[in-house]
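These are the structures, in structure tokens.
Two complexes, one shared chain (chain A), two partners (chain B, chain C).
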Partner chain A sequence: MKFSEKYSSLIPVMTVYALLFAIGMTVPGMWQPVAFIMFYITLGQAFNIFLGLTGYVDFGYVAFLALGAYGMALAVQNFSGLGIGFGVIIIGLVLAMIMSSILSLAVGAVALRLRGAYFAIATIGVNEGFRYFVEGARLWGGSEGIIISGSMRKLFGRELSNYISTFVSDIFVFAIAVIAAVVTIIILNRKMGYALMAVREDEDAAKVMGINVTKYKIMAFIASASFAGLIGATAWTLKMTYVFPSDVFLITYTVEAIVIVMLGGAGTLLGPIVGGLIYGILKYYLSIILPGFQLLVLAPLLIFIVVAFPEGVVGAIRRKYTGEMTRKYLK
Partner chain B sequence: MEILRLENVTKRFGGLVAVNNVSFTIEKGEAIGIVGPNGSGKTTLYNLINGVYIPDEGQIFFEGNDITNLPPHARAPLGMARTFQIPRPFGSATTIENVAVGAMFGYANASVDEALEIAENYLKLVGLYEKRHTEAGKLTPLEKRLMEVARALAMKPKLLLLDEVMAGMNPTDIDRLINLLKKIRMEEDISIVAMVEHLMHAITKFAERVIVMHQGKKLLEGPTMEVLNNPKVIEVYLGKKVVQNAEG
Partner chain C sequence: MAFFEQLAGNLIYGAVLGSVYGLSTMGLSLIFGVLRIVNVGHGPFIMIGAFTAFWMFALAGIPPLVSISVALVIGLALGFVIFYAVIRRLLNAPELATLLATFAIGIFLEELAKFFWGPDHRGYSWNVGDINLGVTIMPYSKIYALISSIIIAYLLYMWFQKTKLGAAVRAVVEDSEGAMTCGIDVGRIYALSFAIGIGLTVASGVLVTLFVPVGINPYMGHEYTLKAFVIAVLGGLASPWGAFYAGFIFGLIENGSYTLLGLIPGVEPFSLTRFVAFSILLIILLIKPTGLLGGGSK
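On to the complex of A and B.
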């Protein structure tokens, strides 16, 4: 396959990102909703690398997000006195990735030997367990968490630290979405992508064909978890400037990530974006139009979409139109 | 030169002895038939050879190396490939992607681009080239079988295990497949083991040597025609009375 053909499916993805970015930058008052939607798209994009490509559901996914959030908070808290300015945030990002990938390696090495539903059950405990560990062992401030707004002000001054939490953190999320999409397409185009497809479709047949299924599942798990860590570090810590265990270890984010990936189409490149758009827009505007009742309306809408498109919106389109264009642009 | 050797292999499931103290050797480039009625342990035998099951007793050697405890994914790259009795395509992927997976992870160990090329060649060989972009799950049962043969061949195996690959095919298709397998065996010097329950006619055309399984044990082994005409084999398939009547 030619290079251009391999990566042509990035075009619609990047077009959506560019459009969202342009709307946010040019239309007054739109940056906040765009960032809100973008958070969900990025979350879906990161989770898709694992759930979409392997077909395994991880109910403990938010633990990686939380660890990433702590990674950034710890970096700002401990290294703000070094006088390296923006370097602290770089350290925070790296730390977030390292912490979430170490946890994912530990969880994956044990739990990924289990199949399907057993894996899902095993992972439910990870998130809750880790939260109580942090609180009980008084790790990283225990249940009081870490507040970094003071350190941020000391580091960057009042104005710049405000700018970081209201704008730069969202730009980071955009960047993560772009990188996650590129990483997804690279995986899909490599042997790893084919191996994961085989795992998703028929794990036993995959093994017999020489695919080391545990290895590839763990690779996808770590990739997905480190993106979750980055999202936690930027969309949570940099934006909120605090980390409380009761807020970050919230299973709601896992459920939202699952919904987004399923809505859009698991395992497709464009799926999480479509899913994130649908979910983000509905959630944002329903909470404005019908404050307090948004979930009551959102739930039946989501059920309707899932029933109408059991393979997700993108999955359904791909099944319906199997021509040259679909193969090229809808991965 | 030997490619596969089983030494006193036994596999039990609870009280049932599915494969009972079976030993045999397959030479490089041989065409072997494994026959036996339903429940005689043929499929278990395949699962032991490619590592889905680990034997309770006995040892398995591939090209002289002990592979008894290797997991399946470590055996395929050594040069082993199989098809399944009930085809197991990667349903939502296209036919060419299915076959390419074989080339990527089998003994062929090809890169993605090479694998897609190899896949095209084998799809042409089995006559599925036109369907290369069709979802494998949407192929007809016959096409799925052919796809599995192409996928197994794309792995460039030294030993190919076919599990009831000709079941449900009409005589023309069977002849075509047998000729294809014969040709590939000659060209690429691979050993092919075909397992069948009832298609004796096909086995006589294909196999040089036959192993007969019965109730988990190896009943007989030898040149095809000689073995299939043995009264013991006829008894296994048709019962004692038929043999007596034929003799009397």
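On to the complex of A and C.
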């Protein structure tokens, strides 16, 4: 395959990102909804690298976001006195990636031996166990969490720290979405992508064919987890300026990520974007039109979509239209 | 000796509470055993049962033990409706689809409950006196909950062992294709098992109300979903009986470890208890995924 053909499916993805960015920047009052929707797209994009490519349902995915959030908070809390200014945020991003990768390595080495429902339940166990350990052993401030708004103001001054939490953090999320999409397409086009596809279809057969199943699964797991860490560090810690264990370990975020990947179509590049758009727009506007009742409308809608498209929207389109255009642009 | 008295008292309480834990997990295990579906929206069904008990008591003064049968009927009806409306269409879909559908059903139930009954905590007190057990004082209502759980579990066991329909369910668990060739209507068995699973869960919600200290509210279910996962895995995930026994074990571990962890200074024993519970879950999954209690689904 030619280089251009290999990466042509990035075009629709980047077009959507650019459009969203342009709408947010030019239309007054649209930045907030765009950032809201972008959070879900990015979350879906990151989760898709693991769930979509391997078919393993990680119900404890939010733990990686949580560790990323703690990584950033710890960096700001501990290094704000060093006088390195913006460098603290860089350290925070690196720490977020390291912490979530280490957890994913530990979980992956152990839990990836399990399959299906057993894996899903084990990962719930990791997430909840970690949360209660943080609270119970009073690690990182225990259930009181870490509040960094004071350190941020000392570091950057009132105005700049406001700017960071209302704008720069969202730009970070955009950047993560772009990198995650590029990483996804690179994986899909390389040996790893084909190996993971084999794993998803039939893991035992893949093993017999001589594919190092464990290696590729763990690689996908770590990649997905480090993106999650970055999302947690930027979309949560930098934006909210606090980290509470009862918020960041909330299983609802895992399920939202699953919903997005599932809505769009697991394992496709465009899937998380379609899913993120549908979910983000519905959730944002339902909460404005019907404040307090958005979930009452969203839940039956989700049930309907799952029943109508068990393979996701992009999956259904790909099944229906198998032409050249689809192959080229819908990956 | 005060410590040992406290420990003994907590362990007795743990065993009594454990019986309700066990009952509330049987439905989850039954559904997984027969349909291979993890009901991620398990807890909200417990909440429905809890509200059934609350309203029966608050509006008509009907004691919870009588409400169990009402809750069972509500649960069976809910189970059949959900099976034929949603689950049946997803039996051949990827695992992800059923996980998502059951979760969405759970949210829908919670939001309906919030819509009709509001988000606040509600409680009722069914006071039928206390019994002094020497190391602790236990309300009779909790003792009745223990007895009811055991009776319901036993009745279900007899139904499985002694009736034709029960044998058909066991046959489907064993080998659904084989069961089909023997002339068993597997689709009907799926529907029936799902409905019984939901019925049991809703019924157990009635008994749960006898143990909640702060009252019930639409979101009370989450906690029980997570506990039910741990208990189900302890019991072998696909076995309702395993789940029932595992409920006792979980109750003992939860309340016993709470007493012990309380001795460590500078920690929150309540949270650490849950950490212990989930650590046990992981250890069991890794060394013996078929559950602590030996066998599999048979």
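The criterion applied here is as follows: the second predicted complex is superposed on the first by the 331 of 331 C-alpha atoms of A that agree within 3 Å, B and C clash if a C-alpha of one lies under 4 Å from a C-alpha of the other, contacts with A are read in each partner's own complex, and residues count from 1 in each chain.
Going forward, a residue touches a chain if its C-beta (ideal position, glycine included) is under 8 Å from a C-beta of that chain, and two chains touch if they have at least 3 such contacts.
For clarity, every value in this text was computed on a predicted model and none was experimentally measured.
> Could you classify chain B and chain C on chain A, in the superposed arrangement, as clash or fit?
fit
> Consider the C-alpha centres of chain B and chain C from the C-alpha centre of chain A, and write down the angle between them to the nearest 10 degrees.
For this superposition the angle at chain A equals 80 degrees.
> Can A:Leu114 be said to touch chain B (first), chain C (second), both, or neither?
second
> Looking only at contacts as defined up top, I'd like to know whether chain B or chain C touches more of chain A.
Comparing touch counts on chain A for chain B and chain C gives C.
> Just to be sure I read the superposition right, which of the two partners does A:Phe293 touch: chain B = first, chain C = second, or both, or neither?
A:Phe293: touches chain C, not chain B.
> After lining up the shared chain so the two structures overlap, which partner does A:Ala198 touch, if you call chain B first and chain C second: first, second, both or neither?
In the superposition, A:Ala198 contacts chain B only.
> Touch test for A:Phe133: chain B only (first), chain C only (second), both, or neither?
second
> After the superposition on A, what does A:Ile258 contact: first (chain B), second (chain C), both or neither?
second
> Taking the superposition as given, does A:Gly142 touch the first partner, chain B, the second, chain C, both, or neither?
The answer is second: A:Gly142 touches chain C but not chain B.
> Under the stated touch criterion, which partner chain does A:Gly125 make contact with: chain B (first), chain C (second), both, or neither?
The second partner, chain C, only.
> Let me test your reading of the model: by the given contact rule, A:Lys207 touches which partner, first (chain B), second (chain C), both or neither?
first
> After the superposition, pull out the minimum Cα separation from chain B to chain C in whole angstrom, please.
Superposed model gives a least chain B-chain C C-alpha distance of 13 Å.
> What part of chain C is in contact with chain A in the complex they form?
Residues of chain C touching chain A: 32, 36, 38, 40, 86, 89-90, 93-97, 99-101, 103-105, 107-108, 110-112, 114-115, 222, 226, 229-230, 232-233, 237, 261, 266-275, 278-279, 281-282, 285-286, 289.
> Give the list of chain A residues in touch with chain B in this complex.
Against chain B, chain A makes touches at 1, 189-191, 194-195, 197-198, 201-202, 204-213, 322, 327.
> If we count contacts the way the header does, which residues on chain B are in touch with chain A in the complex?
Its residues touching chain A are 50-52, 71-77, 81-82, 84, 88-93, 97, 100-102, 104-107, 111-113, 115-116, 133, 135, 151, 155.
> Please output the residues of chain A touching chain C within their complex, sorted ascending.
51, 55, 57, 59, 110-111, 113-114, 116-118, 120-122, 124-126, 128-129, 132-133, 135-138, 142-143, 251, 255, 258-259, 261-262, 266, 293, 295-296, 298-300, 302-303, 306-307, 310-311
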